[in-house]
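One structure is given here, and the rest of the page talks about it.
Note that the chains are named A, B, C, D and E in the order they appear, and that numbering of residues resets to 1 at the start of each chain.
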Amino acid sequence: MLEKTLTALITVLAGIGAALLLYWVLNKISELLPEKYEERLKPWFYILPAYLAIAIFVIYPAVQTFIYSFKTKVGFPAETWTGLDNYSNLLSSDAFRQTLLNTLLWILFVPVTVVILGLLVALLADRLATRGENAVKTLIFMPMAISMVGAATVWGLVYDYRPPGRPQVGILNGIVDALGGDPIAWLQENTLHFNSFLLMVMLLWMNVGFAMVLLSAAVKGVPTETLEAARIDGAGERQVYFRVVLPQIKGTIVTVFITVLIGVMKVFDIVFVMTNGNFNTNIIGNEFYLQFFNNNNQGAAAAIAVMLMLAVIPIMIYQVRTFRAEEAGR
Amino acid sequence: MTTSATPPVAEAAPEPPRVQKRKESKEGGATGGAGWFTYAALGFIVLLWVLPTIGILLTSFRSRDDAASGGWWELFLKPSGFADMTFENYQKAIQGTNLGEGFVNSLAIALPATFIPILVAAFAAYAFAFMKFPGRDVLFVVIVGMLVVPSFVSFVPMLKIYRDLGIGGTFPAVWLFHLGFGMSLAIFMIRNYMATLPMTIIESAKIDGASHFQTFFRLVLPMSVPVLASFAIFQFLWVWNDLLVALVFLGPGDKAPMTVSISQLLGQQGQNQELVTASGMFSMLLPLIVFLSLQRFFVRGLTAGAVKG
Amino acid sequence: GGDDSSGSDDGGAVTIWMSLDATVVEGLQKQIDIAAKEAGIEVKIERVDGIDKLIKTKIQAGDTPDIALLPQPGVVASVVELGAAFPLDDVLDTASLEETMVAGALDAGKVDDELYGLLVSMNVKSLIFYPKKAFEEAGYAPPESLDELTELADQIKSDGGTPWCLTMESGDATGWVATDWMEDLVMRYGGVDAYNDWVTHDLPFTDPVVKEAAAYFEDVALTEGNVLGGQRSITATPFTEAAKPMFDEGKPGCWLLKQGSFFTGPDFLPEDVYANLDDELGVTAFPPVEAGGENPVMGGGDLAVLMNDSEDAKTAMNLLATADIGNDAAPVSSFLSPHTDFDTSLYPNETSKSIAQVAYDSTAFLFDGSDSMPAEVGAGSFWKEMTAWLNGDEDIDTALQNIDDSWPSS
Amino acid sequence: MATVTFEKAQRWYPGADEPAVPGISLDIKDGEFMVLVGPSGCGKSTTLRMLAGLEEVNDGKIFIGDRDVTNVPPKDRDIAMVFQNYALYPHMSVEENMAFSLKMAKVPKAEQKERVAKAAEILQLTEFLQRKPKALSGGQRQRVAMGRAIVRNPQVFCMDEPLSNLDAKMRVATRTDIAKLQQDLGVTTVYVTHDQVEAMTMGDRVAVMKLGILQQVDTPLKLYDKPANLFVAGFIGSPQMNLLEGVADEHGDVRLDKFTVPVDPTAEKKMKGRVTVGVRPENWRLVTAEEGGLPVRVTVVEELGADSFVYGTCDVEGAPSNVIVRIAGRHHPQKGETLYVTTDPQHVHVFDTETGERLSD
Amino acid sequence: MATVTFEKAQRWYPGADEPAVPGISLDIKDGEFMVLVGPSGCGKSTTLRMLAGLEEVNDGKIFIGDRDVTNVPPKDRDIAMVFQNYALYPHMSVEENMAFSLKMAKVPKAEQKERVAKAAEILQLTEFLQRKPKALSGGQRQRVAMGRAIVRNPQVFCMDEPLSNLDAKMRVATRTDIAKLQQDLGVTTVYVTHDQVEAMTMGDRVAVMKLGILQQVDTPLKLYDKPANLFVAGFIGSPQMNLLEGVADEHGDVRLDKFTVPVDPTAEKKMKGRVTVGVRPENWRLVTAEEGGLPVRVTVVEELGADSFVYGTCDVEGAPSNVIVRIAGRHHPQKGETLYVTTDPQHVHVFDTETGERLSD
């Protein structure tokens, strides 16, 4: 045990040391080069390891996925090209269109709400004394620390349903019970996609901590003088937030928003463990997972992935724009 | 022109301060303090947030029958129920798995899989934020686009590569995988933060003869501490709570992390569910400690006093 | 560890992966250690969760165990299709196995008439549980035919009780309880051949036999007052909770539960019931259409697949094929051996013995059909559509049509 | 529109060993233009920030008019402030920066525009109105900071070195504009500056601080003519007053080695023992060696165009090694030459060397 | 240690309508102290930043010594710079801030400490060495920025208004120290300032810029005495030169209404049509009304202690409404009084009104 801990520790240090050494060597190499090349090559050396990792682990599989999306029986000896079949099959299926619609709901609801709640907590907690702030932030953050299985259990205990007359174990039905109502099968209730929203609440619960951490860091980075100036200028606290703090952390807000948005696009575990898409709660991430792992239908899965990648193109364009604007202003 | 009534000449030596340190409102606080709205709103949100967790926490101390026979809140209605609380679930969870080994494995996986990506990403983020080179925008935007790729599409190709390299089933295999998959988000977040640092400070370092390497380590890293800490927390969590990658790349065995050993507790037909509550609570501890200990890096005014204007 | 690549003929340990419960794994390891020592090999069993999904990934990566115990014939077929499995016809003494194993058990592991999966552990699903004491007190008798079953339910109803404990919420697998019902009913209404055709889609989901089965099930599930909690409760209540109302103090909340043998485990029963299992829990076979008629039994199990043709692995495979292999597992778990010559006294209680006996006595052991169907259907549309139907989102005809449509074309 | 009163206001920065401002008491009259001067780090900004409500007052009180504002939040104090470090809103254009306070006060859009335009005109910012602060030069940023204050019509103006980064010409122009604006509006103003000319010309009164403690508050000329102590004497005037240590002799004269400093009769009586006499550079007269002046060997001559300052050393004990003499025009001595200078009694300031207190009238 | 040469160096900020610096050519000699002055926003900082390598040079070249540094990264230029906005390292103490460049240059620890201590002493920062920038006053921060540069021994010093936030006394002291340091080390220095005194006293030569274009580069006195054009004339000197528009008559005189300005013979020949004559405030002589001086009605009198500036209006056509006259000491006229002033030919600067070019010698 001790030995194992030690080896673990040593490997940890060695791993980090090796990474450092790599950069040191790269840096040295670039410094040995003639001045002209040094400046030109250095950026490449700096991004090389990162990009290599991304290229191998993400880009290469992504390209492969793209190719697979035109094939069927991927991975089996019977692998063949099928052209656009995977796409047309998906898009012509009612269930898949429902899935897309649900996903759209998630995309519309979750990122915005996460950002707003995260911001609210970050801003409000910021006003408390340090100890209070840390306590609040820890509590909000806590759900992030729970594994998916744990979260499913937690929310199982919230949405749980037992037949009428039997003791309710879920808190929601506990309340309904106490109020004298009949227990409600929450996750089955799909009028107006009610159950989808209940699942989204879970994601909110788990993601607000993420947004809060980043936004809180950003809020603290806003130069105090500008806040002082605003107060002198007669701005109330609300105005200080809306007109001075928010615009200055816009960058972080966008970062968080995009991160959550993309996260939502590929989220699957919540839906998977809670309903597996039953009761009209399916979303694209779950469908992807099912096609990939359950159905062994990598072709269809790949087609879904490709659609996801297409869907992020607007985000990429937006990033380029802000990038350019930012660059001009520095 | 009247002479002012102000007493001329040096006044009596400064009086010793009557109040040594009056309670200082939060230093450099961004705000004028908390009002009722703050407390009410925060109280409400926090309550909503912890309620589910309290449920699972209390449930983790209840026997399976107890848990099935009534909601956890009934403990508060008839507090005698607290007496029936038991550590059995924890005992079983700890006995059932080789928890000590799993814990060490989890750490051995999570630590390098947290720190190495941060280092690598920070370098790249620095290049994207502070260096100019052709194709920079495109390369960065590709990173953003890659955020959408789910990790499991890489399982098969990576397993193949690992097999060829002969590192299948080893810790480095998992580290590298998390490195590759944490990278996009890390670069994205860290670069966007770095872009908000005052440019003149970097310029100043250049003038002072600092190379990029030195600027990176001595200036940019210390000033990026909040985002680095944030990302460290997230990445640690993800790796710590990851089941899929560990299962695929390490499989069960003597290198299995806690998540894998816990998952082995569960029966095919959902047996032993009650152990999930206990082991879930247990595995939350370390991430929370990490969060608490990194919280002090979220400080205000990291760049205060650096520039004027 | 389990990461050793396949094809290694060196004297390393033979690795076996399985998703069975930890207690079973322990028991099997104990026995196999003894046997392996004699055979001069080393065998290491690893318990992996969700092996059905993991194995395919591992195969594509070329990183597999030597033997895997797969819980579903459908997965075995995929593994074979992927070219990762070796036929067992020459490895095992199939002829003698045919004799000693439960009727039809070997068929479950066949792909294109070649044996690839050897049933190692079994569970029986064609069972009805009831609260023994209350049942006997009320003077009810186990039904001998489906009609009797209906009558019994009506009787319970008229006595003021709720007959059926039917709950099936199971997270990502919600729906499987209903498929078990369908399978049991289809094999009864259609017979063994129709059932096998149905599993291979030679008989469509829209076939009258299937509809007949569905009609019976609809009668059970959706008739007012038949199910505890009513229709909504079926899909919303965790399946794990099904048995508990049977043992409510005073009067059972519901009386009849159709479930698999694993339901005798401590996780599904109240503690005091589990402690007195033989006294409290009654179990009987799911009845045939006609009393005394053909009564196949539906079940599941774990099929050992050989993924490495090294001699050691083959030897290990043979060890798994012996009846004794379960000697240590059976007394401490819900393990049921598919070998009729298994020493039934090793089962921990009468309930287990009688369950095993149901299988040993059956005319045919038919593997859980949804597990044999392609995953899109068996673990996909079949679950989903059943859920949607029972939940009231669709009628049965639409549901069956949808399942039929989802069958993969090739 | 309002008086400003500091009553022993104290500011002790958390973690500091001693208070930045141990307790300042100062009355500023309604409409008065009060200039705050003092060496760098003496607590000027801190005082201003206390008045604005940006620093907690650890002890004592601050009044605006009759209202105790010690615990009033900044936004309710109706103060306009120019920050030493500008504190511009980086995300707003120059125009938005300047209009922000008006927006907060719900001033009609048209009037906002007009007032901003007027301020921009005064500050020559009109062509930059649409730019963000990042794209401005240092001086332009400072002018925006200034503009943000002068669009308003507050009870009190607080200005912290608002012109330090402007060129002389613009500084003179802006100085005049501010003075005019302040007079027109009659707004009480507290103005921090390091520029002697600004201090002398703009302030109704000037407050001189040192280490957080007020040394003298008086009209500019009084400060110049009758510095209350050695510190003020040395601080006001540039180049600074020549301070020479000597001994008061029984004849009511001050002797520095062989050189006798003529002293005003009023001081004579109070002098005793070691005293310090001060002579401003422009108050030296050149004399011949025979007339018995202070001998100064020229080391550096600073030519400012209009006149020159001669820096010299003099070996007389008690005199500082550097003596500064202002000489009109271009007719100045050469480096290495020795000058003899003397002065007249009415130009001699006498201070007690120990206490620093002024002895002459 | 090195000359500095700008060869038509141009900087055009991305997105700007016109170049901030359209193309500057300037030779700075080895060891020379070059002062850059000009109105706010004229491109001084930009020029400095180009030299330091912080702004891309869009066109033209820059040399340090013989080396073309146009594309050399800043760190390899061996330049020390004081930034206008300080750019302190916020997470480092004052000491670490100052030692940073030495650390980068791998100077031994002991020497680092010594050099920092010395610089801190000069800048009176010794007691703040352990503080972080955020706990410093504005002036103290500026001194740290200064300290960061002077601990080094670079090829070129670039200083962008390094003393603007210091009080007069400290400014004089630091000014002297810098000058001394620069002389001792012989480091070529480019120094931006708005302070006329600094410009006149510190620079070997002064470069006057306007809208990014060099107007005149000359020794301080030359600039003062012989400004090359109207702009320089108006810019150098504070308060500024009185500029009066008149007409050159056939006698070689300049007439403003009834008043005739005496003009130096050298200028007489070149004059034609509308000219502008300039007279510095200190060059007016008071005369009686009968002697025919320019009548000036006093509006404001600025008393600076040593002398006073009289601001007056004069109704003579061509003369600016404001005429500034410097009057020695305290014997100044009252507001409302009318003064008559005249001057001498050698003090009159004559410029072409249209081109702004200097006509007198």
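The working rule: a residue touches a chain if its C-beta (ideal position, glycine included) is under 8 Å from a C-beta of that chain, and two chains touch if they have at least 3 such contacts.
From a predicted model like this one, the values you see are computed outputs, not experimental measurements.
Touching chain A and chain C at once are the following chains: B. In terms of C-beta pairs in contact, the better-connected of the chain pairs A-D and A-E is A-D. Distances from each chain's CA mean to the overall CA mean are smallest for chain B. A separation of 51 Å divides the Cα centre of chain B from that of chain D.
Taking the mean of the C-alpha atoms as each chain's centre, chain B and chain C sit 43 Å apart.
With centres taken as mean Cα positions, chain B sits 14 Å from chain A. With each centre defined as the average position of its C-alpha atoms, the distance from chain D to chain E rounds to 22 Å. Each of the following residues of chain D touches two or more other chains: 73, 84-86, 88, 135, 138, 142, 221. Looking at chain B, residues 32, 68, 156, 158, 211, 263, 273, 301-304, 308-309 sit in touch with two or more other chains.
Those residues of chain C in touch with two or more other chains are numbered 57, 60, 171, 238, 241. Taken together, the chain B residues at the contact with chain C in this complex read 63-65, 68, 96, 155-156, 158-160, 162-163, 168-169, 247-248, 250-255, 260, 263-273.
Interface residues of chain E, counted against chain D in their complex, comprise 13, 15-16, 37-41, 44-46, 84-85, 135-140, 142-143, 160-161, 164-172, 194-197, 200-201, 220-221, 224-225, 234-240, 280-282, 302-307, 326, 328-329.
By the touch criterion given at the top, residues 1-5, 17, 19-22, 46-50, 54, 57-58, 60-63, 71, 170-171, 238-241, 244, 260, 262, 265, 267, 270-271 of chain C touch chain B in their complex.
Residues of chain E touching chain B in their complex: 49, 52-54, 73-75, 78-81, 83, 85-91, 100-101, 104-105, 132-136, 138, 141, 148, 152. Residues 223, 225-226, 228-236, 239, 243-244, 247-248, 250, 329-330 of chain A are the ones touching chain D in the complex.
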